[in-house]
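Each structure below is given as structure tokens.
Look for chain A in each of the two complexes below; its partner is chain B in the first and chain C in the second.
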Partner chain A sequence: MQQQAQPSPSPKPKKKIRVPRVVNGVEQMVEIEVDEDSGPGWGPNDKHRLLNQRITRVDGPLKAAGAARYTHDQRLPGMLYARILRCPHGHARVTKLDTDAASKIPGVKAFIQAPLTELRFAGAPVVAVAATTPEIAGDALRAIKVTYEVLPHVVHAAYAIKPEAPKVVAEENNLQEKGKNGDPTKVEAAFATADEIVEAEYTSPRIHHACLETHGMVVDYRGGDSATIYASTQGTFTIPGDAAKELGLKESNVVSSVEHMGGGFGSKFGIGTEGMLACRLSKQTKAPVKMMLTRYDEFVMAGNRSAAWQKLKAGVKRDGTIVALQARQYRLGGIGQGSQAGQPFIYTMGDTYREIYALHTNEDSAIAMRAPGYPQASFAAESLVDELAHKIKMDPLEFRKKNLRDQVYHRQLDRGAREIGWSRRNPVAGGNPGPLKRGIGCAVGIWGGGGNNQCKVDVTISRDGSVVVAVGTQDLGTGTRTYMRAIVAEEFGLGIKDVKEQIGNSKLGGANPSGGSTTAPSLSPSVKDAAIKTRLLMAQRVAPLLGNAKPEEVAFADAKVSANGKSMTWREACASLPAAGITGHGEWRSDLQARGVHGVCFAEVEVDVETGFVKPIKMVHVQDGGLPLNRLTFESQINGGMIQSLGMALYEERVMDAQLGMQLNPGFGDYKLPGTLEMPEMVPIIDDDDKREAVIGVAEGCNIPAVGALANAVFNACGVRVRDLPITPDKILMGLMNTSTSRA
Partner chain B sequence: MKSFEWTNPKTINEAVKLLSVAAPPADIDEAPRPLAGGQDLLTTMKDYTSRPARIVNLKNIPGLNRITLTARGLNIGARVTLTELEEHPGVRKSFPGLAEAARSIATPQIRNLGTVGGNLCQRPRCWYFRLEEVICLKKGGTECYAASGENKYNAIIAGGPSFIVHPSDLAPVLLALGARVTVTGAKGRRVIPLDKFFTLPSDGNIRRENVLENDEIITEISVPASPLAAHSTYLKFKERESLDFAMAAVAAAIQLAPNKTVRAARIVLGGVAPIPWRVPAAENYLTGKTLTPDVLAEAGKIALADARPLEKNAYKVPLTQTLVRRAVAKAAGV
Partner chain C sequence: MAKHDSSRRKFLKGVGIAGAGAAIADHIWTEGEAKEEQQSTPAATSGEVKVVLNVNGQPRTVQIEPRTTLLNAMRDRLEPAVTGPKLVCDMGTCGACTVLLDGKPAYSCLVLAIDAAGKKITTVEGLGTTDKPNAVQAAFVEHDALMCGFCTPGFVTTISAYLKKNPNPSLDEVREACKGNFCRCGTYPRVFEAALAAATRRSQI
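Let's look at the complex of A and B:
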């Protein structure tokens, strides 16, 4: 009998590649070494039995029934509840902190002062309290007496940029130059060759992740040398190190558990300030501490999408060629750096020159949020492109094709145009009769979505026929559990229900944090690799029982294992395994994933020009993504991207008061997320013309173009170009009044 | 929220006694409060806008949840839910504007619990008022921050010194139809015409939005039968359809003569003033006229003649003019 070599440590030729690694939700490119030759691939995208099909998510019933356990649901014996007192001023120093009265309230157990000396935004944590009930903790907060030295603040960018504005950080300018690209002289020369020029400012406000489960964790430490942290996080493995440091324990003695989590969108990495305070309270009281942010806390301190202010000037020739772009881009990240992709974003715009600045205000730091910096840049670029097309009276779809080199966009634009009915589009903005006017717009998007080598997966087959795929990764609601099962089940010829998954625990194999749409392209190759190796181990085991077949001849299909015309049921085959079963270990393979996605979005809206109301009618998004692991999840990602973009385009905005320096709408009443009645007909289209047999992350790609498409649709409908998001009725009405005044 | 005493009276008189405290609290927002649906009260308690020492639960008092329709009019128990009002066949047929207003409120879940009495007694939605850290004029402070701040949603008519808008959607329709409110308090029972119920910040207690004493409970709202009621409508403009308060709203009731001229008109604006704002000048203008597009547009202009927008809410003027035009046309069926 010829034994096939074990998946072995024999030295293989290596190559160096660059992959994204996510740090605090933001991708950074790093160089790693991987095997040069590749193993068995996924096969053609249209030849899968489970993958690339529509699989209902395996955790769906648990979630629908309310049985899925989130961090919010954790209730441990003797657990204390923590709350955080927040600074009510935009900028202040604590001069006196008096907890005497608060500490006399029965049930109050501990206080920990936040480590900040200078509080640079309203909502900054001042002190945390732990008590036997959340209500007592709330009472304690209100009994704490804090004396502040109130310092001048600035919360609006237009004021922050002025020389006389208060400084967010003493001795530092609010405006910080972050880079210049291109040759301004060349650009000036190119402008001279343009037939038309458009110069415009685009602004998008700070918006919120709005995770249904707020940030937080339960720190289960009762003294001793070990602890368990239940965390609502996008990175199981981003928790133990920081928590161990705060608790004074060895990292290996701290376990994090993330069974289910209620949304992150880029905002949940590491333990955060709230986790640090929770750990310190737990350490001090030697009792489990539950620290879940309130909704108010979540708005004022758990992060937000960077606001943006972009001054753009572009020149175009009458034939539709964009010849020059000059951009001045301000990243508005509060006390943080903010994020904004550089212009001209996706388009080819001839000679370009850009300056990027960070402009600081007294607001909590912007953090990663779904395609950090991209939706903002896309909104401005796509509006500008539309304005240029309008200026030279060219169809904006043809105009886009003329200035987009990548042919994938051309294909996708044609597909989307057919689906939305671009030919119905009124060529004259606002030209439809009557007060209810329809309009159509479009835009394009781009993202990376490649993986990296952080996932270590084990697949174990037991003698009783059970199959478990295990890795410490987390499922953000993106269907991780489901595709893990599907990959393994397909490899073994089994059904989804025949495989179980174990995830969300730092004792399991390592995994990357879920940021930058890197989870699926990092995890699925490791799962596939583990499944292939385990299948080979199994084949070696059962081949002698199938007429001494060669292991590579053993087929796995329909819950049977067969070769040489002989066949065993899966159960019979597994009965031949050793008592401990068999386990195959999977590592990442670069050849099973890829990087780079394209998407286009089309939107149709109806604008009531007598009230300014915008009704979204239909949205179409065409997205490529290599091999779709699960078509249902892929479509959900596309829908989710459209919905989040709809919120950014038409409804969502953090409102800050200049005088008080605080957020005026820190709740779901006044912070307006789109609801069920705002939903248009949504058509998610997977671009199956993408034949790459590779997994690529798609979440963020789906979240980029729709804002621009909606803004352009509004213009096409009513002739008002709103350059300041969100596009609300007041802006449209005032725009219409100005238009009619200027016409008259 | 602040901890409180929970009480469960079985009769109105018992409830009134529980609301009457010998020594009124120094801060009016710490006085005992009645709870019906609790949909607004609980939110004000959660943000510490109100901090009642005692909650008087009205749910166990019989007789407050009936809708009675007779030849003389409509009687609505104060604890009737918004859903019950919205779905009542008689209300839908004879008082359609009232059913439309009920349906425009919040979400189905809130309407299932929120009551008619509670809807009239809602506190303002102004975000300065609702923030715990902000002590504005209406919370005993010295400044209306909306006057020069983020005032997109605030009053354009009759504002000052506070610029809240009244949040009730039922009130404009009820006012248009000449409703009266029956209340019971320590001093007994009284019937208040709705046009005497709400108070402007400039002429009432700045800490309150109506004439109710702390110990008074609304027991019933009565709407007289009239030829106008069957031709009533409510148009509410929301920035977000799914769940929102009015940016502007118009209740209109129009009775036409056989020759299609207007015999009687009632127009009340919502979402633009600290109280539901009736516009008699527009009503008078319409009376006797045929509702042509020009007449409708002129009525809209007249209705907003007193508007004095703040820095960020000038849009409310053309918006409300449109709503007046559309509401009158809809109510008249033209």
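Let's look at the complex of A and C:
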């Protein structure tokens, strides 16, 4: 029987736009087609009832009570525990693998050799084992005998760049050119017009994501044709495809579950080598396998932020105009490509020329970390700008304004300056009396934070009055659950508690991976769209009961549905719905989001010039982000950005041993994270002068300028310019010694 | 790499596993337990011993190797598991596994389960629940002192214990009290706020 074709509705006018799509945590711009006119907007930012307010997060009580369930908390009947044996050499081949003794240990169930033939870094996975307890899995690792052919390695960039250095990849140069930009002849000419020139090298070391929940997953496969993967991931939908491949199952038969996850910061996309090994162990044993990396594994094989080496030369006129920049930038990504934003970063610097290279070492690949490539570029650019200002004896804040075109920065710099008390700043570096010297510095940051069209959201209202908003997305601790509820509750005139959310499952509607601050701007428009559509469906149902009102006249407020002077309670209105309830499907709307955030950070520090110790005193960060979905969690993101930057500026560094080729500080005992004692007073400020009625992601933007601000504050405090992160006491003392020597 | 692996087994081997087991068994088993064990005596499996752990007011019996940490015993061996305390650094630096042993905070990754027998073990679950949080848990939610939440059980436990000891702390005392707890998302300022706020409601801790 053939149905008569419905006349298709006239196609809506479309337009093409460019949006970010995240692959392995890194944004790539793609072109998509969207509706030109797509419906009602958010309305003014200061007119919301729940959005842009301070809503405590809905999963807070679970987390505070220890009841939130993470991947690491999964325990299934008959589950095996997996561990990975790692290569102890910087570069080697496995010539013999002997698991005989290990396999005789009671409780040891399976081994899977890692697929790599050549191990290019210390920590590279060699073989994985599954056993009945984590302790026995550890015994098995110690009983495995591996014979290696040890190859020459290089782990320090300064050596890797030399022609005689061992090759990370045979027959390939460790140094790979990645691009040139600008006209070097013009730049030379421009230097000739400069009054002052600063030439300096800035280096920042490899640092670690240090997610408290390590990478890993629990593969629930017991034979048969389906599996569930519990994964600590930033992308629910980055899991099933690869897991299915490893398990030899249909992708549609593999479900991923991400109820709660303990931090990612850019490092958790896809199943990873550990996930691949876990799937293979599970496939072999037909038993659930839990593979959570140990903390040591996490340091040596779960990724890191690209180190950076930047040689910059800039010329400035006495009036404060930067006229030329020449940059040679090395991305130090280990065996990977690394990342580093191109100079002159945010600033306008007249004629510029840059060369970017990847310089390889025998270290695990750098991967995306909260604002990939930006904090490194920002630190160098902001230090350079400060040095130029100092050279021409200009206030660094005024100097920045002079070389920043975007007026938003001017506004934010003024705001931050008031908040930190810039007027207290001694213009003479190291000029304050006494051994404890205070200084203030500032810096600016930029990010995209736009969304894309990957989120499919359902809002369902049942006859009993319950409201559920569902999509497969993940909440990294950013407050996703909470703003999903708030958007829907606001649309229906309900409270936060009247809406429930379902997320973190690949059976639900599709969603983008959380990278590049794209989650909120991708998800919230789809949630809003679903809420608007469901509201219209509901209005159509209840309008006849409200004196035959038109659906668009039906108002939803204060848990009541009303029109024509008639009113029903929410429950009464829902009782009129069909037995199955109603469901509206939401798609992404480009007009409900935007791209482009600005932030500025000010830092005050106290330097003890007798010990070189730096004490952070106060940090202020002003950040715009269009419509703040939740002020409380927005501020927490700002704090988080400042604190992670504090770690990069003053404490964190992977230390590699040149001879052994291995990391010397692969644990929290030796890798210094910022802790409670290092916390300054922190002032997170949402820039409400940003009137854009659009959602923009802010996580990365908050994590960029603080490193430069702290470095500049240290210089202002004691007169020592530390160009090599982290800014540790030894470097300050060395700098003070050099300063006093040169004075003498 | 072996030197980075936990070597608790080696340590116990050093003192002789059987000897350690016997010595420890003396003080960890209740008399009734010991008798029951003698009567049933299952075939010894990989040197496991039976331990009774008093977790959140409940006696919980668990069969473990003597080298098993309290943390792993709670998370991997107790049935049902107690998963509030988290395994993060496994070396006593980050505080995510903090529990109270007779009211005093301890890193449960550094305590052997057999040494915790006979002590009152309180985990974050024992301090309050989702519906009936204690003052610290409630303040953590109110002040947004958590993001990913993986460090939260440790902080809540440490601070709950500290506020009993010092009901009216200064900001610096709060910092000092939880300097053994790490957070990566960056919740510290709000953890401090929450702790100070909870102190004003200390009757509910």
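Worth pointing out:
Quick note on the criterion: the second predicted complex is superposed on the first by the 734 of 744 C-alpha atoms of A that agree within 3 Å, B and C clash if a C-alpha of one lies under 4 Å from a C-alpha of the other, contacts with A are read in each partner's own complex, and residues count from 1 in each chain.
Here is the rule we go by: contacts are C-beta pairs under 8 Å (C-beta built on N, C-alpha and C of every residue); 3 or more make two chains touch, one makes a residue touch a chain.
Worth saying up front: this structure is predicted, and the values here are computed from it rather than measured.
Contacts of A:Tyr651 after superposition on the shared chain: chain B is touched, whereas chain C is not.
In the superposition on chain A, A:Glu610 makes contact with chain B only, while chain C stays out of contact range. When the shared chain is aligned, chain B comes close enough to touch A:Thr728, but chain C does not. By the touch criterion defined above, A:Gly675 reaches both chain B and chain C. Once chain A of one complex is fitted onto chain A of the other, the partner contacts of A:Gln659 are limited to chain B, with no touch recorded for chain C. In the superposition on chain A, contact of A:Glu118 is made with neither chain B nor chain C. For chain A, the partner with contacts to more residues, out of chain B and chain C, is C. In the superposition on chain A, A:Met261 makes contact with chain C only, while chain B stays out of contact range.
In the superposed model, A:Met737 lies in contact with chain B only, and not with chain C. Note: residues 88, 135, 138-139, 142, 666, 669, 674-677 of chain A belong to the chain B contact set and to the chain C contact set alike, using the contact criterion stated above. Listing the residues of chain A that touch chain C in their complex gives 56-57, 59-70, 72-73, 75, 81, 85-86, 88, 106-107, 133-136, 138-139, 141-142, 209-214, 260-263, 265, 292, 294-296, 476-479, 632-633, 635-636, 639-644, 666-669, 673-677, 679, 682. Considering their complex, residues 88, 122, 135, 138-139, 142, 610-613, 651, 655, 657-660, 662, 664-666, 669-670, 672, 674-678, 728-730, 733-734, 737 of chain A touch chain B. By the touch criterion given at the top, residues 1-3, 43, 48, 125, 127-128, 130-131, 133-134, 145, 148-150, 152, 237, 239-244, 247, 312-315, 318-319, 322-323 of chain B touch chain A in their complex. Per the touch definition, chain C reaches chain A in the complex via residues 1-2, 4-6, 9, 45-46, 65, 67-68, 72, 75-77, 81, 83-91, 93-94, 96, 123-125, 127-131, 133, 136-138, 140-142, 144, 146-153, 156, 174-176, 178-179, 181-192.
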